[in-house]
Each structure stands twice: as structure tokens, then as C-alpha cells.
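Pasting the structures here.
Note that chain A is present in both complexes that follow, paired respectively with chain B and with chain C.
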Partner chain A sequence: MNLLGLAWRSLLNRRFAVILTVCTIALSIGLLVLVEQLRSEVRTGFYRSVSGVDLIVGARTSPVQLLLYSVFGIGDATNDISWETFEQLKVLPQVDWAIPMALGDSFRGFRVMGTSRDFFEHYRFGNRESLALARGEIFDDLFDVVIGAQVARQLGYELGDRIVLAHGTGRVALQAHDDHPFTISGILAPTGTPVDQQLYISLAAHRAIHIGWETGVQRPGSTIDPDAARDRADELRPNAITALLLGLNTRAAVFDLQRVINRYRPEALTAIMPGITLQQLWRITGLAEQVLRVVAALVVLAGLLGMLTVLLTTLSERRREMAILRANGARPWQISSLLVFEAGLIAAGGIVLGVVLALVVQSAAAPWLLANYGLHVGLSWPEPWQLGVLGIIFLAALLIALVPAFMAYRRTLSDGMQVKT
Partner chain B sequence: MAELLLIEALRYTWPGQSRPVLDIRRLELARGEKVFLFGPSGSGKSTLLAAIGGLIRPDSGRMLFGDQDLAALRGARRDRFRAEHLGVIFQQFNLLPWLDVRANVMLPCRFSRPRARRAGNVRAAAEHLLQAMDLEPGLWNRRADQLSVGQQQRVAAARALIGRPALILADEPTSALDSDRRQSFLDLLFAQVQAADSTLLFVSHDRELAARFDRSLDLTEINAAGVSA
Partner chain C sequence: MIDLKDFKLIPLLLALAFLPLAAQAEVRELEWLDLMPEEEFQAWLDDVEQIDHSSFFMAEPFQSFRTMPELDGIQARIPGFVVPIETDGRGNLKEFFLVPFFGACIHVPPPPANQIIYGRLAEPIPMVNIWDAFWMEGTLNIEEITNDTAASAYTMDVTRLELY
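Moving on to the complex of A and B:
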């Protein structure tokens, strides 16, 4: 049996305290890894959601707010864009396609977006992938609705089911558009983006269900009959939309067009480039991430100090043990290295368990993130630099173990052959 | 008989004390000899064993082991000497509680390659010694702290003997045993010391045992430092 074997057997002998120490270190490592993994996965998730959009246009507001409410369904718009503006922007020569977004309704907590067929044709996610229908088709009838994959999965809806949308975006529906039930005509294939979290109706339908709601609540007797609405479907269009997504003919035009839109005279608008606005968002969240990192690092330090405490407290108990080893030929450095090996085994156990813990929590949190934010968080192995950090933590544990190792060294020199008490 | 260890003009003072605890003019141990060393508490028995074991370094004097002066060796060399040539048995607390009996016996061979070489197949040597010390195979895989005190002392003797060290130091190994067990322990120990051709330095204050040894020494007579406590 070599020294490592002896260290292992000695640890097994004190397994209760050792397991607790390993768990402490594992928790701290788990936290550290998890913070980093979620950070990078969430960022990737955000970038995946806007991969094909060159500009997002909304009423004058802060860029980050516009990005969050238009694409990610976080927060609400404070103002709308007039239909005329939309008509003018979409025919600009630089513009390849324009996707209107009319928000403001919801269905059991999921957002309803009034849009055109351009959305299904031009919206891109992930690695520039197009949207696809898992089943059914895009709106045929005026009161057809296409639902996202997550909506279908979570609420258990199928093609042909009839649903009633709610006015407003809260989770609790206070007012329902119950005069105009919709029929599910299509279910989108999963994308791992907020697209899965929404329902899609045509702009004409969006207008139809809001006739008589101009003041924010329904005026009694003012609504349009569904069949009458169907007859007028071609002329129905909203007075205003919430935002629009633009794809350009050439990306080189993006800065010019952004300037043009931001200076648009008839109406105060904000145009943003999603990638750049995400960077701004990261700068805002960066501080919180730094705090989390520091906290995680401090927790790791606390874990290592806990290990030091355990090693130091056992040092007195094990004085006799060390004298026995010494009497049987162990040299002081061998006894010291036993302690370093023990620390190494504890730290290695803690690190491995911590990474496993992080992966488990990550996979457990993934459905929640998907359900609440439409963010697809994949299981990912720590990146090389993270493994480097773990290596440094391992070395730090060995360094810390030098303290009890040195004390044991001194003690074995001063103790005689036998410690009788 | 040929000489194994010759101690001359050995003096040792514990750090921080003014009077030496050891002041031995001359002490000889012959190869294969079984020597009984007695003396009251505080007469310097344990200090003498620690000096021979190389755990403390004398202030002056010589301890010749063959042509090697142990008193002049540096720390690492003394450690190597102890690992190679010494077997030790204490009064109690001899074994690592978390190792099984067999692994405890094999322990010295872990720290000295020459000793492992002398033992040959270390595992077989350990089992042979355990059997010779009257410990049945059923006990070999048990944790050391599951054995009775008498069994533990026999395991400690087996461990001291593995790899046939030149010198066995026994520091009151029988004082925790009752009279019958004491005699049978000595029977087994003597037989194996003889078989290993080792020298035995047996320290005790129980002078009834002295008759069984080749020679007995009164430490108060050979240690001029006298009783310090």
C-alpha cells in the first residue's frame, strides 16, 4: 500500500467528517460552475432568439427595454407605432422584409402576437434556421391561431381546439375576447426561443377582436360579429402595432437605416441592432454577474477553509497515529505528504461532485427557464478555462494543506516514538 | 557473540532542561542477544530507546551500529536506519486502528525497500508471522481496533519482526497483559526473535521477567544522569 492508499484508508476511517467536507466543497464548486454555465448558456439563448433580425423598431424608448419586450416578452411597451409608419418603413429600398408585431393580448399567461405571414417566412432563430410547422398550417380563416411548441406542450392543445384570448398581458385574464373564439390551425416546431412561448394571429384578426375596445375596455354592443368580420377581413388592419422587425437587403445599410429611423420626423421611433443592444444588456447584468462570481469564489474559499479546519482538528487526534507511522519507519515528509494527499483526495472529490451537481441543477433548471423565458439552456461541459480554474482550486487546496502538513512535520520531529495519551 | 550496537559516552539533555537525562558511559548489545533493561520511571528508558531509534540526536557520544555512528547521522539517514534495521513494540497503541491486521504488519516494509526485500513476499511473510504469533487467519482482515489488547500486542510483535530487523526495541510490551498472557507472549516473541536472528532490547520494570533473558541491565547503574523525576 502506497502513501495515497494510506491516505485513502485514513479518510475512510473518518468518513463522516470527510463526506461533510467533500459536500461543502462540492456545493461551493457547484455554485461556481453553475453561475458560469448559466451565464454563458443564457447569453447563447438570447443570441439564438434574434439571429436573423437586422433592426428592431419600436416607439421611442430605451434600446434594452425595446429588445426585451419585443423579442423576449419581458415587460410591456409604453407606446405604439402607427400603421402609417409601418407602411412607410417597409417599402424603404434598404428593407428586404418587415415583420409587424401587435402585442397586448394573452392566453393563459402566454403572449399573443398579431403578425403577418412574413413572420413565418422571414423570422430566423439559432443558426439562421427558419420556422417550421410541426402540424397544421398558417392562418386560413380569420380566426385561426398558430401556437408555439411550448404552448401546445404545456397546455396540451391540439389542432382544431378552440380557445378564447384574453385582453392584456397578465397571467390572470380579467377581460376575455369571448365574442371571437379562435381555432388552432397550426403548431410550430420547437425552436428553443421565445417563439415557442407565443400564439400568433393575423393582423386582421387582431384588429377584429379589438373593435369596440378603443378605450381599453369593451364598449357594450360595439363589437363586430365574427362572420361580418370575416367578410371584411381584407380591409381590417390595426391602427397601430407594437414593434417591427426588419431584415435588410444588405447588412452594410444597417447603420444608415438606423440613423434614418431614429430621426424619423412624423413619429418618435427607436431602432436597435439586437446584437449591440444585447451587449448593452450584458453590461447592465455584468455587475450582478460579477457579484455572483465573487460570492461563488468566497464560498469556494469558505469550503477550502472548512477542509483546513477538519484537517487541523484531526491533527491532535491523529498524533498517536503519526507516532506509530514514524516508529515504523515513516519519515516526517511522508507523514506530511499524507495530509497533502488527504486534502487532494477531499478536494478532487469535492470538485468532481461539484461539477456533477452543477450539471444536475442545470438540467433541472432548464425546463423552468424554457417555460418562463423561452430560453433553451443546454447541458454543457465546463469550458477549458473553467477547467483551468478548477485546477487552480485543486492546487489551492494542496497549498492550504501545507499548513497542517507543516504542523504535523514539526510535531513528528518533537514527539518521541510513542504518544501515550 | 559479535557486537551489534556499541554506545559510548552518550549524553542527552531534553531541550529547555539544564540536567542531562542520559549519561551512559558504555552499553553493548551483541548480535542475537536478548537483553532485559529495567529501571524506575524517569530513569531515562524511553529516552534511551528514542536515541537508539534515531528520533532524538544525542548531544555527544557514539552509537556504533556496525561501522555506522548513529549519533552522527543526519535526520533522513537516521529515519532510513530505523526503517531498515529496527522493529518496535510499545506498551499499547501500537497499531493503526483503520488498517486491517495484515496491513499493519506489512507497514514497515512500505517505508523501507531493503526491509521489504529481506521479507521476500511481504504479504506471505506477514501471514507467516501472524500465524507464528498464534493469530488465526480469521483475524487477519479485521480492523486492528477490533482485537483484544493481547491480540494487538502479538500483531505488534509480528510487525516488529517483519523483514528480520537486526534490533527489536520493546518498551514494556507486556505491562498491559495479565500474568499468563505475559508468559505466553514472551514464549512466542522469543521464538520468533530467535528465528529472525534479531537482538532484543526489552525494557520493563517487572523484574520477574528478567530471568528469562540472556542478560539484564539496571539503567540506574549504567546511566550516570540518574533519576531525574
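Moving on to the complex of A and C:
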């Protein structure tokens, strides 16, 4: 029987302590891997959501906040952009396309965006992929709504269903636009971005449902009749929109245009380049990520120390076992390496189990994260450098095992044969 | 059966194939002002002196679209900051602007168009930090960007992007 086999049998003999130790290490490794996986998956999710947009324009606000409320549906706008400004920006020679976004309404916790057909035509996600309709068509009638894949799946809506939008963005709607029910005309194909979590209506419809709301709440009797609104559909315009996505003819013009918009005198605006603002966001979240990493690393250290404790405490119990091995011709260095092998088996078992655990938790948490935070977390294999870290942890376990190994080496010589019971 | 002797030829063939490339690959280290024609540089200097930082009115960005035709197609290496523009679906960097400075003082205009290089990576790389300076290396090209004006700009097929 070789040393590895012997180590395995010896571990089996003390299976309860060993299983607990493996579980401790597995939990710590699982935490470490999970923190790292979620971190990179969340970042990927953010990068997936903006593609091909050169500038995002909103009212004067912080760049990170503008990015979060316009594209990711996190937080709210502090102010809006006047319709006149939108019209002027849209026709600038540098601008290829402009997607208006009018926010502020919701449907059972999902955001409703008033926009134009340009959204369906020019919005890109992932690797420059276009939006596609799974079923139905883009809004045709004034009170048509196109819904995201997740909205349809989670609420079980189908084409032709009628829904009533709510004023405000709370999960429970007390103030509803119930005199203007919408008909679902189209359902978007899944994108794995916040697009799936939203409903889309035309800008004219956005205006129509807000007629009569000029004082902040709906004034009874002042709203517009749906059919009257349909007649006036061509002239209905929102007074203001919340944000604007711009695509340029010439990308090199982006720096100049950003400056022009930021310095626009008639209205205080902010224009951001999404790639830069995402990095500013990572700078803010980076601190929390570092803290999580340090905590996870300390937990791994605690796991390894737990293994050392188990090895050391069993050392004295195993004097007789070692003595028998010595009597059968095992050399002291073989006894020592037996202990290192055992530690190696425990650590390897813990690491493999930990990675499996992390992947299981990740896949189990994904639907919940999607439903509650709109975060798309994919299942991904740890990256090469993470596997390198796991290798270093394995080596650290072997190094730690040198402590009991060295003690066993010295003891087997002196007192191995003289155990008294 | 493949004869082992055939394999011995492969390194030789590879070396032959890359010989012209190796001869061409003398990389020229550029400075940003090398990208701007001399007379425009002078005009630019005059322009900068007129910027009044106390004014409410915007300093009109000095535009310099002229490029240096002799730089077209050379292997070049230039330091600058990365402004990410396009990523692949996994958040890896695909296309970006390389600019001579980062986080400009808000009341001076952005650099003129011939002081910006649009970099394209053949293979996306993990996202880099926009606060770090990088050496960009690759084939410099000059591309027409608009038809109505005589504007052109630099682009680069980037082979290497490494920390400064």
C-alpha cells in the first residue's frame, strides 16, 4: 500500500472530524469564489447593457446617477430635459440617432418608458446586438405597449392583454392611470439586460396619460378621453423627457459634443460617455468589493487553521498508529509525508466542494437577483487567475501541514514505541 | 503516415513567412505633437493663448483635422490614456480612444481631432483602468471621417496595449 492509499484509509478511520474539516474549508472557499464570481458577473451585466451609445444626456446631475437611472433603472432623476432641447439636440449635424426616454411611471414594480421607434431601431446590447420582438409588433395604436421579456414571463401577460399603468415608481400603485388602459402589442425577446424589466409606450401616449396631472395629482374631470387622444395623437408631445441616448456619425466628435452639451447655456445638462462613467462606478463599488475580498480571504485562513487544529489534536491520538507503522518498517519521513498527504486530501476535497458550492449558490440566486434587482448573473467558470489562487491555497494547506509533520517526525523517534495506556 | 521529417520544415517555413514582417516591424515611437502638421501646431499655440478662463462663453474648440500623410501605415508606439468606447458582450475592451491627457480641466476644450487616435483591438482584452497611462502599439492608419469637409483622423490596429 502506498502512502497516498494509507493517508486515505487513515482519513476514513477518522471520518467525522475529517468531513467537518472538509466542510469548513469548502464553505470558506465557496465564499471566496462566490464573491469573485458575483463581482465579475455584475460588471459583465452592466457592460452588456450599453453598447453603441456614444453619449447619454440628462439634466445636470452626477454622471454615475445619470447612467444608473437612464440605462439601469436604479434610482430616480432629479430633473428632466425640455422637449425643445431634445429637438435641438436631435438635429445636430454630429448626431446620427437619438433615443428619448420619458420615465416616471410604472407597472407593478416594472418601469414604464415613453420612447420613440428609434429605441427599437438603434438600441444595442451585448456585442452590438439589436432588439428583437419575440411576438407581436411595435406600438401602432396610441395606447399600445411593448413589454420586456421578464415582465411578460413574471406576470404572465400575453399579446392583447389590457393593463393599467401606475403613476410613480412604487411597487404598489395607489395612483393609477386607469382611464387609459393599454393593450400589449408586442413582447421583446430576452436580452439579459434591464430592457427585459421595462415596458415601452410612445411619447404621445406618455403625454396623453399625464394630461390633467399638471398640478401633481390628477385633477378630476380634466383628463383626456382615450378616443379624443387618439385623434390628437400626432400633436401630443411630452413637455419634457428624462434622458436621451445619442449615437454619433463620427465617434471622434464625441469629446466636442459632450463639451457643447455640458456647456449648453439655455438649460443645465449633463452628457456622459458610458464607458468612462462605468469605471467611475467601479471606483465607488471597488471599496466594498475589497472589503468583501478581505473578509473572504480571512475566512479561508480560518478554515486552514481549523484544519491545522484537527491535525494537531489527532496527532496524540494517533501515536499508536504511527508506532505500528514504524514497527512495520516505515521511516520517520514517511510518517511525516503521510500527514502532509492527508492535509492535501482534505484541502483538495474542500476546494473542489467549495467551487461546486459556489456554482450551486450562484445558479440558485440568479433568478432571485434578476427578479428583485434586475441583475443578470450568468453561470461562469472561475477565471484562470482564480484557479491560480485556489492552487496557492492548496499549497498553503500543504505548508501548514508541515507543522504536525515535523512534530510527528520528532515524536516517532522518541516515544513512538512506549505508549502507555 | 506523416513523416517526422516534414515537421522539421515547419519552423523554417514559419521563419520564412515572418521574415518580411520582421524586417518591416521597426516600431517608431511617436509623440503626440508628431501627429500634428507644423503650421497647425503654430496656429494651435496662438489659439490656446486666447482662451479666457474667466469668461462665461465657451472657448470654441480649436479644430485640427489635418493629418500627416507620411505616418499612414507605419508601426508606431505612443503613450496615452484609454477612453473605452466599445466592449464585447463580456465587458472586454474592443475599441477605444487614446488621448494625450485624462480628465481635462472642464473649461479648456478637448484635444483637437488629430490629437486623438481611435484604437481597434483585433482580440478584445480585459477592461483597463482609465486612470492609468498605456503604451499603445500597432499599425497607424489615416481614415477619412466625413465627406463634406476634408477631415481625416488617425486610427490604429492595436497589437499591444501595456501599462506605461
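Criterion: the second predicted complex is superposed on the first by the 417 of 421 C-alpha atoms of A that agree within 3 Å, B and C clash if a C-alpha of one lies under 4 Å from a C-alpha of the other, contacts with A are read in each partner's own complex, and residues count from 1 in each chain.
Here is the rule we use: a contact is a pair of C-beta atoms (placed from the backbone, for glycine too) under 8 Å apart; a residue touches a chain by one contact, two chains touch by 3 or more.
Bear in mind the structure is a predicted one, so any value in this text is a computation, not a measurement.
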Q: Could you say whether A:2 touches chain B, chain C, both of them, or neither, answering first, second, both or neither?
A: first
Q) Thinking of the overlay built on chain A, is A:12 touched by chain B (first), by chain C (second), by both, or by neither? A) first
(Q) Looking at A:51 after the superposition, I want to know if it touches chain B, chain C, both of them or none. Which is it: first, second, both, neither? (A) second
Q: Considering only touches as defined above, state whether A:364 meets chain B (first), chain C (second), both or neither.
A: neither
Q.
On the A-aligned overlay, A:326 touches which partner chain: chain B = first, chain C = second, or both, or neither?
A. first
Q | Partner chain in contact with A:284 - chain B first, chain C second, else both or neither | A | neither
Q: Scan A:91 for contacts with chain B and chain C and give back first, second, both or neither.
A: neither
Q | Touching residues (chain side chain A, partner chain B) in the complex | A | 1-2, 6, 9-10, 12-13, 320-321, 324-332, 334, 413, 416-420
Q.
Give the list of chain B residues in touch with chain A in this complex.
A. 46-47, 49-50, 53, 55-56, 75-76, 79-80, 82-84, 86, 88, 90-99, 103, 106-108, 110-112, 115, 159, 171
**Q.** Complex interface listing, chain C residues touching chain A
**A.** 58, 61, 83-91, 96-97, 99, 106, 109-111, 113, 116, 118, 127, 129-131, 145-146, 153
Q.
List the residues on chain A that touch chain C in their complex, please.
A. 43-44, 46-48, 51-52, 54, 126-129, 249-252, 254-256, 258-260, 262-263, 273, 275-276, 278-279
